[in-house]
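So that you can tell them apart, the chains are marked A, B, C and D in the order they are listed, and the count of residues begins at 1 in each.
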């Protein structure tokens, strides 16, 4: 039995940052998502789109509207969005006010995938699994868990995501 | 809201193999699971037990009974088992005939975690997510997907897991 | 036959930068040099000292004097200095005006060791080898080659080191 | 000033072993040497040839003769040979009886380059540096040091190379 197709929307974030050896700065080149799916030996039916490659601290209202548009227009009912962790909750909350009939899971990474110590691959496997099993709604998948968009926050001291009443 | 505790039972498999530089052979030392959970920045409430560290081709009926015992005696209702991929389906089918009231997810890796190109971290995140959301039953989580124990097989040509009628 | 002892002086640089997941910035913690020597399975007799952990763009005259002092006072006649690449040539030139009777090899990395794509391990093996065989003098060891301090520059377009007349 | 061209002869060994996920065995595909030179950001003038890709335990007299032929016919006077560590000393000793006018440095790895904990990159940087500075002769470059072919052995307990009288 084939799996239901899942759409992956890439927006950048620490997940995809790279080190520019000439400037010593972190920056964006191409997404590593295809490479990560190969590493994970994913057998899922996926539609992957890169919407933007930015730090979520730089995300504007227009950027969020682009993400919303793509979610609304997606023929797939199950969507994973890779996103910077700093404003992931903001985007999740905004999406939740507009979309009720799709399962949307936002995830990201605290350490760039290109670093040896990245949580990116773990989070990607996690988010794709949650996208397949959770009922309609918007969720944040980080630290092995999922949180409904309306009750999650990023603890900026620990860098971990947690439930918020 | 704290997450429901999940039990992880480690049995070895390619997931945990290491390279012995003196003999040139792959072998087992300590499990890398704790390290992988740290890398994934897991915030889950977990109880981790190492039952054995063996290649699943070397698994005997007694070994499988040990795994079964631990599943039956586990106070947790959600269990992830790391296991060699060669006979993962056999263990899954055996567990499914005896256990109906727990969510048990078996996973492993095609390439040792210690290799740069391992699917281990991806599979671990995937399995832990499935363990949190799937209803009671025994499943195999590989290649980003989950398969009920009664209808999955490992395709030995491709190394991928697929549904089997 | 035991090898002649080599002194390694650590000053930081990109070589040792780490990613701070809470701030998204690169920063210094402990040097990775001991770990790199273990990875390289080094059998050399080494005396390792951390003098500072800074970006070489932040190096002051006082910092350079500290490096000079340690070189002058080193009982070992063969010294490797890990250093940021941006002002490595400046430090090398300064050392060359004061020291003539020791073999001093400066090296670093264009990409932090913690990144998968680092040149750090290659450069370390290279610099330690040059330190064992070159006659007295101050050298920069980068890109697999060594350059006398008086005739090397960093090409800021390519990030490579090259001979300069 | 351009660097003198160095020839690299690839023969395989643990240096280049890969993990076959379908069979669970280590095997040879293509050499990773070009990739390692890119990682090390090598600026050396190099001529690279793959002679064979075998475990040095499987090396025959004919295989060694091929290596010898290529060394004798090499227009370059500085040669690095990547080789399995198990019989690296045997090949080195054989080459030393036939060649006196070239600098030949053999190196390898105790752990495959594809493993996270490989000494391959360190050894490659080391061997290339020794090849540039050592006088004519045949040497083994391992563990950060170099040993003349006539007085080196591999300690099979520790996996380290050491001088032998």
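Here is the rule we go by: contacts are C-beta pairs under 8 Å (C-beta built on N, C-alpha and C of every residue); 3 or more make two chains touch, one makes a residue touch a chain.
For clarity, every value in this text was computed on a predicted model and none was experimentally measured.
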Which chains are shared contacts of subunit A and subunit B?
none
Length of the line joining the C-alpha centres of subunit A and subunit C, rounded to whole Å:
39
Report the inter-centroid distance (CA atoms only) between subunit A and subunit D in whole Å.
44
Let me have the rounded angstrom distance from the C-alpha centre of subunit C over to the C-alpha centre of subunit D, please.
25
For subunit C, residues that touch 2 or more chains besides their own
110, 116-117, 159
Please categorise the chain-chain contact pattern as a line, ring, star, complete graph or other.
ring
For this entry, which pairs of chains touch?
A-B, A-C, B-D, C-D
Residue numbers of subunit A touching subunit C in their complex, please.
14, 19, 21-22, 24, 26, 55, 86, 110-112, 114-117, 156-157, 159
Within their complex, subunit A touches subunit B through residues 1, 3, 36-37, 39-44, 110, 117-119, 121-130, 132-134, 141-146, 159-163
